[in-house]
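Listed next: structures, encoded as structure tokens.
Each of the next two complexes has chain A plus one other chain: chain B in the first, chain C in the second.
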Partner chain A sequence: MPPQLKTLIPLFGAFIVLFLIARHFLVPVSFGELGHYRFNSIAENKEKAMNYAGKDACADCHDDKAAQLKSDVHSGLSCETCHGPGQAHTENPETVKLNKPDQRSFCGNCHSMNASRPKFMVQIELKEHNPDKKCIECHNPHQPWQLKE
Partner chain B sequence: MEPQYQHLYEMLSQVRGFIYPNEVDLQWGLLIVLYPYITGLVAGAFILASLERVFNVKVLKPTYQLALLTALAFLLVATMPLVSHLGHPFRAYEILMTPHSTSAMAIFGFVYLWYLMVVLLLEIWLDYRRDIVIWSQQTTGFKGRLYKILTLGVKDLSPRTVRWDDKIGYFITVVGIPSAFLLHGYVGFIFGSVKANPWWSTVLMPVIFLFSAMVSGIALVLFIYMVVTWFRRQKIDMAALDSIAKFLFYILILDFTLEGLDQIHRIYEAEESFEILSLLVHGPLFLTLFIFQILLGTLIPLISLGILQLYKPKELTRRIIYFSCSLLVLFGIFFMRWNVVIGGQLFSKSFYGFTDYKLRLAGSEGLLWALVWVILPFLILGFLLWLLPPWKKLEESTS
Partner chain C sequence: MATKGIEESRRNFIRKAAAAGGLLATGLLNPFNAILYAVEKPTDPTKHWWGFGIDIEKCIGCGRCANACKEENNVPREPFYFRNWVEQYTIKNDGSVKVESPNGGIDGFVQTVPKEDIFKAFFVPKMCNHCYKSPCVQACPVGATYETPDGVVLVDETYCIGCRYCVQACPYGCRYIHPEKNTVDKCTLCYHRISKGKTTACVEVCPTQARIFGDLNDKNGELVKFLKEHTCLVLKPHLNTGSKLYYNGLNGEVR
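The block that comes next holds the complex of A and B.
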């Protein structure tokens, strides 16, 4: 055997063993317990504070709003899309208030005219569509076609 | 409105058209442009060196070691853009430790280690072993001790053993060529396999990356060879220079053809993504694609190198042309990576809008960091040339 290999082969062997030892310590503790992921991450993520409660949680107390929303074109939207994350509110409704976005620009986030917006998002020209009033003075946000005027 | 919403809506008002909220911020910036660029330089420089060795292209001899050392210097830095992009140095490596067949990213550590340990370091060591042994006997002090360590204890200089150096080295080079193809084909694969992105997802991507890697690597060796000889105030080997330029020309043709093929294919297919891609190349990418990559980086070098194949002006003129072409090609390939990486994230997956990329100067993803990773390989190369000067080696083997 050439002398180079006599040195190189043990050297590479040692390198591989060192690598395996290092790998043993570097792979996170619970990795692979139940699959190709770090099992502990589930517990860690569970510990994080929840921000969103979900539509069903709101309906427990606001069944009227839930029923309204369901009955009209906004039925696809979630309460928290407009009111913001509401977990804290569901726990302390008296102290934690959610915002009630009543500015025209808010509705405009989805409804202002934009050629690249998908067609099912019905669009209006904000500057031309009854410009002097707030949207919610005419449209009920939970039931847009129940016009107030 | 909640402050975090306010920010999002503000950002959404600054994009063009309709895009999803998670696309506002472009995640892969300049550092991820550098990553395929630098790995490409490595693969290209190595393939040029292998050309000399395996196909026995004698004229390239003066650049053989230079190309290997260049490949090594850049390979040592190749992971750094990735690592500094990831941040979190205490856990970023975890992905590399736990490879899985469903993650192209996760295998990078092994591809890299294979290439570094088994191919490049071994080939350089075998090529230099005899000289290192001789230098270790002639040199004292720190450098001498370094040489002694580098011999790894194999001090045998008998013709038989030296012949073994050559034989094993040849074998490694033969293994190394597919490895170099693997290394860079793999980098292309990372992008080509993202099926949700019509700008990236093409089976040609690994091949295109490979050929552009060769182009940039050869241009880099050409450039470094000229600069190094100029620094040493030596006469440049015009035959070597001419033939490197010839290879650069050929591979540039192949590269250009392949990329053209890819685009023609895309234009002819005209899938539903075509409109947005066409807006992309005529809008945000116009300068970097048509002017930087195609005109400056490809057409001008292609035409000038092409003319030199037919008509040979004076040496000085040729040298100036080669020098500028190598810089132009390096510039162009950088923007090829840019167009792939940044371009692929500029348009929305809804195909209805664009976001923007603004390069920052400082910060972890900024220009200054990127410059560090570009300059560092040259410093490493300087060190390697000091430690393992190819010219000393040449003199000895001819004398």
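The block that comes next holds the complex of A and C.
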């Protein structure tokens, strides 16, 4: 064996061992198990908390309101479309209350006159259609065509 | 004779060298071939391959989807951080196009163009296209963004270095840097919900069922039914990103 190799082989060997040790500590657990990423990250993404409970969860307790909603044109809406995320409310129904939006502008999100909206949408001019009243004074949001007065 | 021998050996040498060089090049470059290593639609019909459909003809521009996404995924409320948002397209009679998205549509839309000037107007909800040949995944230098085997593009928050390459790479503008975490954030297709059998938050709250979430691998599923019944297009098909966000009624002006 040439003398140069005798000195170089251990040196290279040491470099390779150092590299493998460094690699062991620098590459995170489960990296590359399925691709060029940390496989455990998939499970971490699954574990995040939910804020929206879903329509079925609401109907478990509020079956009367769910039946009302189903009977009129708002049947396609989810409860949480207007009332906001309800997961916390399903867990602590006494302490966490959901909001009941009653501003005209909130109804206007869907129903204000706008040429961009599809024709099937019922639209009104917010400034002309009973401008000093709240929408819910006449319309029950759960049954919009069952007028109150 | 002697020169001929040298010519032949030279020719052989070049042949062998070219073959060896070619083999070496393909061997070295293969790991960088992102298309080759992109996830593929599972052949097993019981495995999921998530996709999304949006029916522009049904969208009323209420912006509840954009709001629900922020509530569900704790997206900062400032009007420039969005995982999904709604754009109002107004094509005027003179052919010019006006695109607006005040606060992503969360506070509602106002049509500022007078009715007589409007040729056509509609809303286009936008979100991550969950491409299966994602430019963002190919751009990530550390492997912090990836495609899951069921076809969802996710971010590894603990591993992202916040270099913003993916933000530039996404042709649909669907990524932003989270101001507190300083890592990239994007639509996860509510991965924490869909893996528990629930639908996404934006689909849950959509009042007109303009948004359809489903499994492209499920032949009897809602999304496949939607694709069969409508003429659907994806955004920027010429980029060959493998987008899995399908639009019905997509106008050619939409970018």
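Here, the second predicted complex is superposed on the first by the 107 of 149 C-alpha atoms of A that agree within 3 Å, B and C clash if a C-alpha of one lies under 4 Å from a C-alpha of the other, contacts with A are read in each partner's own complex, and residues count from 1 in each chain.
Going forward, a residue touches a chain if its C-beta (ideal position, glycine included) is under 8 Å from a C-beta of that chain, and two chains touch if they have at least 3 such contacts.
All values derive from a computational prediction rather than experimental measurement.
S.K.: Look at A:101 in the shared chain and tell me whether it touches chain B only, chain C only, both, or neither; answer first, second, both or neither.
M.R.: In the superposition, A:101 contacts chain B only.
S.K.: Now for A:4: first (chain B), second (chain C), both, or neither, which partner does it touch?
M.R.: A:4 contacts chain B only, not chain C.
S.K.: Which partner chains sit in contact with A:36 here, chain B, chain C, both or neither? Use first/second/both/neither.
M.R.: both
S.K.: Touch check for A:28: first (chain B), second (chain C), both, or neither?
M.R.: Touch partners of A:28: chain B and chain C.
S.K.: Counting only touches as set out at the top, which of chain B and chain C does A:148 meet: first, second, both, neither?
M.R.: Touch partners of A:148: none, neither chain B nor chain C.
S.K.: Which of the two partners, first being chain B and second being chain C, lies in contact with A:50: first, second, both, or neither?
M.R.: After superposition on chain A, A:50 lies in contact with chain C alone.
S.K.: Please indicate which partner A:109 is in contact with in the superposed arrangement: first for chain B, second for chain C, both, or neither.
M.R.: The answer is both, since A:109 touches chain B and chain C.
S.K.: Please name the chain, chain B or chain C, that touches the greater number of residues in chain A.
M.R.: Looking at chain A, the partner in contact with more of its residues is C.
S.K.: Which of the two partners, first being chain B and second being chain C, lies in contact with A:15: first, second, both, or neither?
M.R.: It touches chain B, and chain C stays clear.
S.K.: What part of chain A is shared between its chain B contacts and its chain C contacts?
M.R.: In chain A, positions 28, 31, 36, 84-85, 109, 114-118 sit in both the chain B and chain C interfaces.
S.K.: Which residues of chain A touch chain C once you look at their complex with the stated criterion?
M.R.: So the residues of chain A in touch with chain C come to 28, 31, 34-38, 41-42, 44-52, 54-55, 74, 76-78, 80-81, 84-85, 105, 108-110, 112, 114-118, 121.
S.K.: In their shared complex, at which residues does chain A touch chain B?
M.R.: 2-8, 11-12, 15, 23, 26-28, 31-32, 36, 84-85, 99, 101, 106, 109, 114-118
S.K.: Which chain C residues qualify as touching chain A in the complex?
M.R.: Of all residues in chain C, those touching chain A are 37, 39, 57-64, 68, 71-73, 88-90, 107-111, 113, 115, 118, 121-123, 143-149, 154, 156-159, 188, 191-193, 195-196, 198-199, 201, 204-209.
S.K.: Flag every residue of chain B that touches chain A in the complex, lowest number first.
M.R.: Interface residues on the chain B side: 1-2, 5, 9, 12, 17-18, 91, 93-94, 97-98, 100, 117, 122, 126, 129, 152-154, 156, 161, 164-165, 168, 350, 352-353.
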